[in-house]
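Notes for the one structure printed next.
We just call them A, B and C in the order they show up, numbering each chain from 1.
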Amino acid sequence: MLKKPLLFAALVLLSPVHASAIEGEKTVFQSPGAEKSRLVINGVTDADAIKPLILDFQQLAPDVTVEFNDYVSNDLFREAERACSTGQNYGDLLISSSADQLVKLANDGCAIPHSSAETDALASWANWRNEVFGFVFEPAVIVYDASRVPQADVPRSHADIADLLRRKPEDYRNRIGTYNIQLSGVGYLLAFHDALQAPTIYGRLLESFSRAEVVTGCCNNEVLDQIASGRLRIAYNILGSYAYAAFLKNPNLRVVIPRDYALILPRAALIPVKSQQTDLARRFIDYLLSSRGKTVAREKAFFLSEDDPLPEGVEGPASLIESGIGRPIRIGPALLAAQDRATRERFIRNWTALFTALDP
Amino acid sequence: MRILLVEDTHDVGEAISRRFETTGHTVDWQTDGRAASEILDFTDYDLVILDVMLPGLDGFEILKRLRQNRNAVPVMVLTARSEIDDRVSALDLGADDYLVKPFDFRELEARARVLLRRRSGGEATNVIACGDVMLDRTNRSVHVGKREVQLKRREMTLLEILASRPGRVFSKDQLLDQIFGFDEPAGPNAIELYVGRLRKKLEGAKARIVTVRGLGYQLVSDDQD
Amino acid sequence: MALVINWCLMTKTRRSLFYRLVVRVALVLFVGAAVLITAAWFYAKAAADEAYDRLLQGAAIQILDGLSVEDGRIGINLPPAAFELLGQAPRDRIFYRVVLPDGLTLTGYDDLAPSVDLTPARSGPVFFSEDYRNVPLRIGIVGRAISEAAAGGWAYVLVGQTTEARKEFVTELTTRALVIVLIMSALALAGTALAIRYSLRPVNQLGDMLLRRDPQDLTPLSVAVPGELSPFVDSINHFMRRLDERVRLLQRFIADSAHQIRTPLTALSAQVSLIHEDALSDNDRRHLERVKDRAGELAHFTGQLLNHAMVIHRFDSAQLGPLDVTEIARKAFRAAVPITIDPDTVVSFEGPDETLIVLGDGLSLREAIVNIIDNSLRHGTRFKLDVRVLKRGNFALVEVEDDGPGIPPADWGQVTKRFVSSKSGSGSSGLGFAIASEVAIALRGGLSFREKTPEKGFTVVLELPLHAEMTS
């Protein structure tokens, strides 16, 4: 039981470079051998989360130095769009959990196609045009502080959250957190799909969030930090990997996969059209999609996947997809609707209108 | 001998007449068929030489008439072979011999002589045998076993003499007398010559001519040895 | 040289009928196939356009459904279902533009088909193709009348898609059609080739039959041929009939000419025979000898011409009947051996024990044997001539053997041809063997030779098949 956190800690301590997980920051993973080339990855993910994968990849390619730049999803998207329209280089590989943004980039002709045995093996909803690839699928989960939330209150479904907030508004006023969907691409994507999946419940949820004066943050870690610090008690629509990592650090936290439905969010990769290391980018993608990569991802990086059994400490159905609870967000043109500017503006406007509180 | 020649081509007729007259025969030469036929009705001849294509009556008609009148005079036909369908053979109509034009005149003479001799000689047609040698006077040949060998006239006569008495020795003079007539001169080795020829022609026979030194010749059959 | 050219021409014409037909049919099939495939391509393209245009239309309609008016302003909630619909073409990129009644773009790709006239879309969906961002797009426009008071008018949605799915569709359909058309064409071609070959068989058969014919055979062809060939057969028969007539006329002319020559020739011989040799000088005597020789040759040759004519004629008209070979041979022997032959020559005749019956014509058989004997006497015999008739197997053989040098085997093939020297260098040509050979062949037998050996002399063999009744 303690092995995993120890392992995690060891990895963190033993990493040869100073890895500080600040979003938007550069982290360089020096090549284990003599450096022959450098792969620049711009991504929307924790460097810590992706580190095990990069290190393992460098076992296979010891002459490659990997530079990883951590961004907020909207920033990444904006930069990528600008670079694409002006014909400039912006990284060799893009990784983001805002799959809709990558699909929009691909639709606008900003991606280089790549096909290989690994990409051919992907399901059709994890691969669009051989330009956008989904390589990790994690559920959007509910995180709560077990020391502050009584068992009876533990929400196990979306409806439960709405009910809880209606029943005990005082207990949880300003104590529940989620994304500011204007700032967070992932948050927007999840909210958009919540509205699609269960429009009625979504409406009720929003309404109850509004009344409970929900706290919004820009990103996963910000919200999770606030739970860890005791400020928040419940966090909604957190990415499973972050949630689990937090759980490992703080045993008080618990991770719940909603029972009524759980959105499964892919992390996607794309090779931008002005990439300068297309071969390396292709190799990295193939690595991510390989069984070795998937194993490392499950055991060390993202912990949760769409069809493997849940690790200990996570509450939820045995198999997400098979049980019918998991609802994968498909990588495909349907995501373009989410990126339509008028639609997006209206969605955010409606959402914002219900909240008076913004990022504290 | 008296010969009737019926021939309308002048050159040919002249040649034939002259030839036979030189050898001492009398030749009556007719150029017209009808005239010739009438002459035959009341004149006897030893030989008729008959051309087929004639003015007046054609040769075959004359022949037919001749035989109808039971006139057995020997007839030699000079046939034209111009009839494309030769259904009628000269011999069938009663001719004794025929020659095809153009012919060798010596051949004509020789065959005429045969016919004339037949007329005068009245040769018996019996066949004499000795061993496996059989004489055939009609065809003037000798059968040696199955083989039939042609003989000349004198060879035939010689063989006849020797075969008439097999085993008997005939002297040269005797043979000379019988084979050659008064008016036919014979050289000193004539008999040797003829015996030699005869021997050649009797090769393979079961009878042979034996020379008896100083005495003459004999015909001996192999069984008799 | 002429032979080579002739052969080339012959081969060329022989090849072309079948190949020409097949090539023409192949050409027609090829053109037909090309037309069909092009038609298939057009059809597939039209089908693809129609099918995928419907998708565009459906998506556009769904997008229009997402329009709503709030506070006098038109807003949109794009239904993801519209794009899912377009996602039926899984690889194609999607571009769209929503246009408000005032002409401004509400949302989408602002630069999508900016100059197109939208008003025709009021009466129904409009589809067209245009390039956008360097890729060919297929764009559909659907319009809807917004009847809200404040913001009324026509709103339009342009939905465009790249054409990869369409192209794949067209390619797949066309490829399938191509395969089917090719298979059908191949089958048709094969079937036609077989049919043509089969139909041309009568032509080949006719050709074979003509080839196999005896060159002397001028009897009319009796063969069943299809209607198209009967003019050929008729004209061949007509031609052969005319040729036959000419040949007959020619033969008759030869016979008549020989016959006409006969009389003056006899007269010539007669006159020559009257010349008194004694009265001549030595020179003149020599010349006379030569004249006699030449006259003799002339006479011999004329006789042979007549013989030949007669023999040929007999085979045209005479019926074949059973003959006793031995008797005929004997008659020939007696007729052919002149009385004036050299007395030192031994001539003999030997017949078989049994009677040998063949089917033939007596006169021509006799002439044939006479010719053989005559030839031996003239050119072969020194002191011996043997004539034999015997039975060997199912054949009757008439052998004429002489003790002369014989004919060298190299010449055997030539000797039976007309007018070839039967004795090399002797200067005498003749028809003798030709006649004998023709008679033998006409009676279904043959003429052959046997080389001289130390035991036996050179032999000419006339072979005739025994009459069937005998052999059974």
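Quick note on the criterion: a contact is a pair of C-beta atoms (placed from the backbone, for glycine too) under 8 Å apart; a residue touches a chain by one contact, two chains touch by 3 or more.
Please read all numbers here as calculations on a predicted model, not as lab measurements.
Asks: Which chain's C-alpha centroid is most distant from that of chain C?
Replies: When every chain centre is compared against chain C, the largest gap points to A.
Asks: Would you mind checking which chain's mean C-alpha position lies nearest the centre of all protein C-alpha atoms?
Replies: Nearest to the common C-alpha centre lies chain C.
Asks: Per the centroid of Cα atoms for each chain, what is the distance between chain A and chain C, given in Å?
Replies: 83
Asks: Using the average of all C-alpha atoms in each chain as its centre, how far is it in Å between chain A and chain B?
Replies: 146
Asks: I'd like the Å distance between the centres of chain B and chain C, where a centre is the mean of that chain's Cα atoms.
Replies: 65
Asks: Can you name the residues of chain C that touch chain A in the complex?
Replies: Touching chain A: residues 66, 75-84, 86-87, 90-91, 93-95, 98, 106-108, 133, 135 of chain C.
Asks: Along chain B, where are the residues that touch chain C in the complex?
Replies: Contacts found on chain B: 9-16, 18-19, 80-82, 84-86, 100-107, 110-111, 114, 139, 141, 144, 146-150, 152, 155, 197, 200-201, 203.
Asks: Any idea which chain C residues touch chain B in the complex?
Replies: Touch residues, chain C against chain B: 255, 259, 262-263, 265-271, 273-274, 296, 298-299, 302-303, 306, 309-310, 313, 317, 330, 334, 337-341, 343-344, 346-351, 353, 363, 383, 386.
Asks: Touching chain C in the complex: which residues of chain A?
Replies: Spelled out, the residues of chain A in touch with chain C are 106-109, 124, 128-129, 196, 332-338, 340-343, 346-347.
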